[in-house]
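One structure is given below, represented as structure tokens, and several questions about it will come after.
When the chains are written out, they are named A, B, C, D and E in that same order, and each has its own residue count from 1.
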Amino acid sequence: MEEFDPVIVAYCCHYCAYTAADMAGSMRLGYPPGIKIIRVPCTGKVDPLHVMRALMDGADGVLIAGCLKGDCHFKNGNIKALKRTAYLKQWMDEIGIESERVEMVMMSAGMGKQFVRIVTDFLDNIRLLGPCPKNTNQQSNRILSELV
Amino acid sequence: MKTNSVLEKIFASGQFAVTSECGPPRGAMPGIVKEKAEHLRGYVDAVNVTDNQTAMVRMSSFAASIILREMGLHPVLQMVTRDRNRIALQSDLIGAYAHDINTVLCLSGDHPHFGDHAMAANVYDMDSVQLVEAVRNMREDGRLQGGAEVENLPRMFIGAAANPFADPFELRVARLAKKIMAGVDFIQTQCIYNLDKFERWMAGIRDRGLHKKVYIMAGVTPMKSEGMAKYMKNKVPGMDVPDEIIKRMAGVPKDKQAREGIDISIESIQRLKEIEGVNGIHLMAIEWEQKVPEIIERAGLYPRPDIV
Amino acid sequence: MITAERKPLDEIASCIEPYNRILLVGCNECVTVCAAGGRKEVAMLSSALQMVSMKQGKTLSVVEMTLERQCDPEYVESLALHIDGVDAVVSMACGCGVQEIARRFGQVRVFPAVNTKFMGASERAGVWAERCQGCGDCLLGLTGGICPIARCSKRLMNGPCGGSGDGKCEISGEVDCAWHLIWERMKALGIEDRYEEVISAKDWRPARGGGPRKIIREDLQ
Amino acid sequence: MKANRPSDHHAVLIIGGGIGGIKAALDLSEARKDVILIDKSPAIGGVLTQLDRTFPTNNCDICTLSPNLSAGARQKHIDLMPLTQLTGVEGEAGNFTITLTTAPRYIDTEKCTACGLCLDKFPKYIRFTPGLDHRAPTCMRYPRVTPHAFSVKRDQCSDFETLASVCPAGAIIQGDKAKTRQLHVGAIIVAVGADVFSPEALDNYGYGKLPNVVTSLEYERIMSASGPTFGELQRPSDGCQPRRVAWIQCAGSRGQNKGEVSYCSSVCCMFALKEAIVTKERFKEDIETTIFYMDMRTFGKDYEMYYQRAKEDYHVRLKRCRPHSIIPADPDGALKISYVEDGFGTLEDETYDMVVLATGFRPSAESTGLAKVLGIELNDHCYARTGSFNPVATSRPGIYACGVFEAPKDIPETLVQASASACLAGKHLLPAATADSTEPVYPPEKDITGELPRIGVFVCDCGQNISGTVDVPDVVNYAGLLPHVVVSRSVGYGCSRESLDIIRKTIADKKLNRVVIGGCSPRTHESLFQDTLMQAGLNKYMLEIANIRDQNAWVHADRPEDATRKAKELIRMASAGVVESHPLIDHILELNQSALVIGGGVSGMNAALELAEQNYTVYLAEQAGELGGLARQIHRTIDGSDVPTYLSGLMGEVRAHKNIEVILNAVLVDHEGLPGMFKTGFQIAPQMYYRQIEHGVTILAVGAAPNRVDDYLLDKHEAVCTQMELGNLIHTAPDKVSDWENVVMIQCVGSRTPDNPNCSRICCQAAIKNALWLLDSNPDLNIYILYRDMRTYGFLEDYYLEARRRGVIFVRYTPESPPVVEAGGAGVHVTFNEPMLGMKLMVVADCLALSTGFKSDDESTEDLAKIFHLTRTGDGYFLEDHTKLKPVDMSVPGFFVAGTAHSPKNIGESITQAHAAAGRAITVLSRNLINMGASVAQVDKERCATCLVCVRACPYDVPFINEDRYSEIDPSKCHGCGTCASECPAQAIQLTRFEDRPMMAKLEGLLERKL
Amino acid sequence: MNLQHRLSSGKFVILAEMHTPKGVDISDLITNARGLKGRVDAVIIPDMDNGVMRMSALAGGALISREGIESMIHIYARDRNRLALQGDILAAHVLGIKNLLVVQGEEMRLGDHREANPVDDMDELELIRTVKTLQGGKDSAGFDLAGKPSFGVGCTMSLWTSDRELDLELEKTAGKIEAGAQFIILPPMFEAEQLVAVIEKIRGFRVPVISTVFILKSVGVARYMSLKMDGINIPEELIQRIRKAGDREDECLRIAGETIAAFGQLSQGVRIETMGWEHKLPIILDYAGR
């Protein structure tokens, strides 16, 4: 059987994790290509819905990567994201999906090496969990109407 | 005399009253009721029969009271407003009176949260004060709570509970005054371990002259062990067990602790007797009825006056 | 405000198990404010239900809509356009909304997705607490503006029971003793003496004596 | 190019279009001052354009330089004049009259499209030869050239008519003539750099005769993707890939022989290390790299760590010696190096396939002439003579020197000097000259309402950076098939001016209304591409950048197929996202035009003074009870300048300046706000009252602490002291010093250790300074300096030579066998190995001076970093935004770092950086408005349930429920974090640029749900 | 219950210090004070503390009183002569200010108006006596007053760096008590042991003792104070605790709260010196469990 290559959506805060990811690049530190980064201004902006939809749309794991505690550019967005991650994990439990598929991590902009280690570890962990149940119906059955 | 209650008679005679308790069993076992009550015969003036105490289902207070009455003892029928609405409460009162039960203790009852039927609806159609008022109105006006006039309504001697220790302390005297206003005749207090605080409460009562308007029975419960003392302190809501008591219990070996507990309660009773406005004691020897005679005797409250 | 809380997902999922296409309806009033059934929760639940079906190898289509209010027939009417194509409706509104949809669309099953809890106020962000039981005969004027019916565990109307400690209810240290609050308020207002007035047994008819209650304003009809 | 300049009176003339000149020009233009930038070449860019990658990040420089050039050429305030030389200067600071002579180009730069037809037909006549003969690097110009036009080599051209007829644009002008102009400027910055030494003059290394002996710059070209071999490493003799490469350091520098110069070229050590590392990175075990060196001079910030990485991680071999000669080893081109390794004494031979000579700088031939024209003095080495306490000021007021023209130095130091000279030059311009300056004007924005999306996808190859891993044509084809994509094409270096022009033209031709760039990180390049969109009349937010370089090609180099697939996915994601973009307007706020300078040492005071001189209000906060900092303990510099006099003058000026408020005993406690509107709170001792200061920018000049060690009997024996204490002693107790017989100095005490891994930079010069000073008063003194590497970079080498000449004994030690110090009566006994003699020596020293250098005050820099949200290096210094290109800017906008808070420096260097920080600060302060960007939360009032979630969630208390009973968010107060949007239960709040629709669309695009 | 009453009946009190603005924007002062309503027993308004010119404490105290919060203002004789002082004291009474804290004025050279002329018409003792005299219905020159003002009057103790200095300070304080001061406010301390030791020494004065909790706001401040300020003792563990915290600011507030709780056990009251962080007082009081 073909080895399972997980797809990870990583919501990275512009001020820390996204920069750390760039730094990993300039240091030429490799990590699995399954990590797909989406830039956000702050992890406080990461909407629980966007995480759910990522998993629903085919991601095998979602990583929310924000600043270290006390370092949030917007005071406490990262702390809010941390609480929201716990809330999302409850949803995952209820749905019956491993809650480890959603994690929040914290790092500073200078942590290129740590970024690589964290995302690699996360991806390895997801690999062990196997694929997230995917929608087989290619026809979109998302929001069909929102009229009111 | 407002009623035929033996308690009322003892109070009226100026004598120091003694009551105790009999918790009905969890089962249709009249024998157990009788056995427990038998320990108390002659040592107490009246016996409280608890109403689904701690919100656990037991034989009904009403039925157990009838058993006691049939034994020639004087039951105090406890009634909580938790389980019955005003229709059921009044009907039970009438029924009890028909069985020559003439003393009632009006309580709100422990919350179902603590019992074995936490899922039960808590009725609380009335609270204890409102029940006192309703019973008083039956007796004085001959009217049911809904206003209907009915013949030969129960002439109950009405008791209620008071906790001198619960927070806020400053409200405790007012709370008693309110019960008096509603029509209560006598009061049984929460178990007293903190005598200093109790005396402060009594002082407040005397300041307002309330001790002239109601008979007060001080609650006493002997401790069986240090563990029980700690449990009462930490787990029983509204209980005030000073650290000295716990220290004293802990200060003796395990096998002597029961004895120490009894000693403490006897010392308490002796001190309580001296307080102006205390008209009696209510000895709550929970599941320890056999010790009641000893305590009563050693406290110098034996024999009991013979009042018919 | 009416507060509600989402039902456990598997309960909702098992309700709609036989269906392939559902209409999931939120409400932009109370349940939005208490974060139980607004647009965001509709979208979250929609995704979650779809993921549950995916796990079961099924495909669930969800039409998401959020009405301004589910308790007004005019708003509910707007669902008419969509109702034909769906096998069942799941409402995230309070019980009123669920019933209003069921009334209007008798031909399809309607399931509630939230448990309607109580009338409450928000204590702070993310915390809502019961404040009113709709007894129909408000006595707040007697109790310094704190309701003993809604906030005392025993609904005592004449003062605290003997079980409270440190201002907390005997039920739990998380619950304030309503009567403690009332007493403090009375003191602050300087009306301590009013405490000793007995509040007589309450007439519960305005609450539940006459079956489902109604308010009728002739002038507005 | 700037046309119709109303007046040149108040411009700054910058001579030299290398990185230094460009940086100075950009800084001045950012500060809305006019610049005339001249270069004698047909194009600007200088040496940097020839480098493949720069240390320590090993980025490619084209990528980092290009945005500067592209922007540079377009800046409204910069008048770029290639092929132009200065031929006369009259007047004085603030009012120079200059004469410029522009050589004929024979090509009209406005008309030339660089189509290349002329080059094809007449390669001999045309300059701009991307064919690139690697043997002649100095005449190469990298392909993305500014100005983007060819020029004609008139002397080569015999048939002008035919040549002119080739040009479809008619850009070739046969009769083009040299033009001479007179202009007025307020100040002049000289940034002409220096030449790279050509080692033909050295007869022992065979350069020019042996094809496989190359210079380091040539090696750079060979490795470069844009070089003659297109990035393939081939040795010149036969095009084979070499297996053994050697570098020989100090080729032509630090020597006394014919053709050599005595000074140190400063950059060659790092240059060689970088080339060796890049080579090892690419070829790993297939290649062996060896560096022959005298002293490893890795004295810059974090350079020592880079050196250690070369040794430990990349296994670069290092041989300490100066090879004697290179001779052919075999007819195929192999080379034999003969050398005597330091400490061994026997002659060794090794054979290599290729030898790289690390050649340094030479003053350019034009320097002397130029200096004459300018009327400025040169030093003995023919570099600009500048002041000890103002290393960018020349001998003539109003004329400044920066970069290698002042002394050999690397890129960051050049940029620091450029910013510093820009700052000082700006002072000579009248304020009026900057007042009426205008911002760049863009064509009116096209209304795209109702249009269907028309996306253009442009994929960069970034030299080899992307295309080396990702199959760019495949990606381009794929992108062309995506929905709404009208055009998809590759654009080479997307950030080059040429490519930007293509993008702009394509937007117009194909009526695009949305653009996707597949390239490098939007963090660095977003504003550049946004600018291009605006020039094309599109709203700048109709852009998405797929980061297929930093977050793809660079990290998946080992998996090209996966990288190609991921590039497609990222572009798919970007294009799905851009469909949902819509035009936005930036929010503009008023800027607080004052600066907070933290630290009242020499750096802080200089920064404050420069800002105050240019009419900005400055708050100078110092934690101590007095100004001066560490310099209070220094009495002279190595060149003998008097520090106390300088310092007291400086302090007097600062205290007296009406625009500076000095706040002593100020302890930092809190900080909030945005660049341009910061609020910083201090507790003021001794009463510890609280004071909040409002300011627009912050300059951090908190310095570093003198290091102190628990070693070598320091603080235990009275004969042991630090270099700084020795300086004090020489100054205050000359009698005592004159009685001494033996003084020992130990270098690298507490630096270059596991504990404090970097070099403290100043200790070698401090030791030599003290040694020379001691010898002045006591010529018979025996001085032993025990060192690991003598790091007397640049002209400091002169003092090293002088010390040797005057009898100071230099003995090298290794960390494995450090000197041993024992108490011995009034003095100490110092025992050490003498490697030349191969034996142990013991000296009874009257004084042992330890070169303890600097160490950051970890606790206090950590505290500052926490409060300001700044980043620090591993050893506790503040980390600049970009080690190369933004050496004084910090990662948080509005923050700048000066002096030893950045890294160890001597006084002159600290002052320069302070001026640079002031200059950078002015680029912010000179604007009176702040652009808050367009990311703000917006409420859909129809959806708002007035639930107050946003009101409670906002970290800045911005949302409120308005009179119309819905939540209102004032865009001027919104910081754009988006927390409210993600918490709103009614989905009524959207953060512009990050709305649900584009975010969801990106997810769908990425995960292919709709495709 | 008002402050005087609480103090005399042995009840615990919390006092929060709040500065008037340097300027006329009083919105922060009012907003911060409102946040404390019901949570502190009085707000102390220093008067141009540290020689930094600000809106006068008299006005500040009046504003606070108007908000229904008890106020206490600093008085001292650096800036006003006895006429101005007495006039202001009378005004204070009329404006509803219930308490005066007699302090020693900071030296002018440390402030922001170094060129100003210090008045120093009276010392602390004389000032306390003057307040006494006024309360008795006469001014300091012996003329009768129409109506008598009444105040709670407190005094402060200064920092000491040696036992000898402490003894001197105690002697001075004894004089102030004798002159009529009804309570003592101690200088900031950071360790319970130090507080216990001092309280032991002033027990004999038989007046309520109020300790002071100073909010450390950063590692830098803590370090600076411990290194450079004589008499200030900040335990190293405290500094390290802030350093190790994820959210340092929050940790500082938490420490302040804990110190208030601890000092509350040892002294009859606590004065909180927030020095510019008045808006954080509610959080600090939360952490103090008040």
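Everything below uses one rule, namely that contacts are C-beta pairs under 8 Å (C-beta built on N, C-alpha and C of every residue); 3 or more make two chains touch, one makes a residue touch a chain.
It should be emphasised that the depicted structure is a prediction, and the values quoted were computed from it without experimental measurement.
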Intersection of contact partners for chain A and chain E: D
Chains touching both chain A and chain B, listed by label: C
Pair sharing more residue contacts (C-beta pairs) when A-D is set against C-D: A-D
Central subunit by CA centre of mass proxy: A
Chain D-chain E separation of Cα centroids, rounded to whole Å: 53
Rounded Å distance, chain B centre to chain C centre (Cα mean): 40
Inter-chain centre distance, chain C versus chain E - centres from mean C-alpha coordinates, in Å: 50
Geometric centre distance via CA averages, chain C-chain A, whole Å: 34
Overlap residues in chain E, where contacts from two or more other chains coincide: 248-249
Junction residues of chain C, two or more chains touched: 40, 43, 66
Residue numbers of chain B (touch at least two other chains): none
Interchain pairs in contact, sorted by label: A-C, A-D, A-E, B-C, C-D, D-E
Chain A contact footprint on chain D (complex, rising order): 57-59, 281, 521-523, 547, 549-552, 554-559, 562-563, 565-566, 569-570, 573, 866, 869, 871, 879, 891, 935, 953, 955-956, 975-979, 981-983, 991, 994, 996, 999-1000, 1002-1004, 1006-1010
Chain E contact footprint on chain A (complex, rising order): 68-70
Complex interface listing, chain E residues touching chain A: 245-249
In the complex with chain D, residue positions of chain E that touch it: 19, 49-50, 52, 106, 110, 214, 217-221, 223-225, 228-229, 243, 248-249, 275-277
Of chain D, residues touching chain E in the complex: 623, 667-670, 681, 683-692, 859-860, 862-864, 866-867
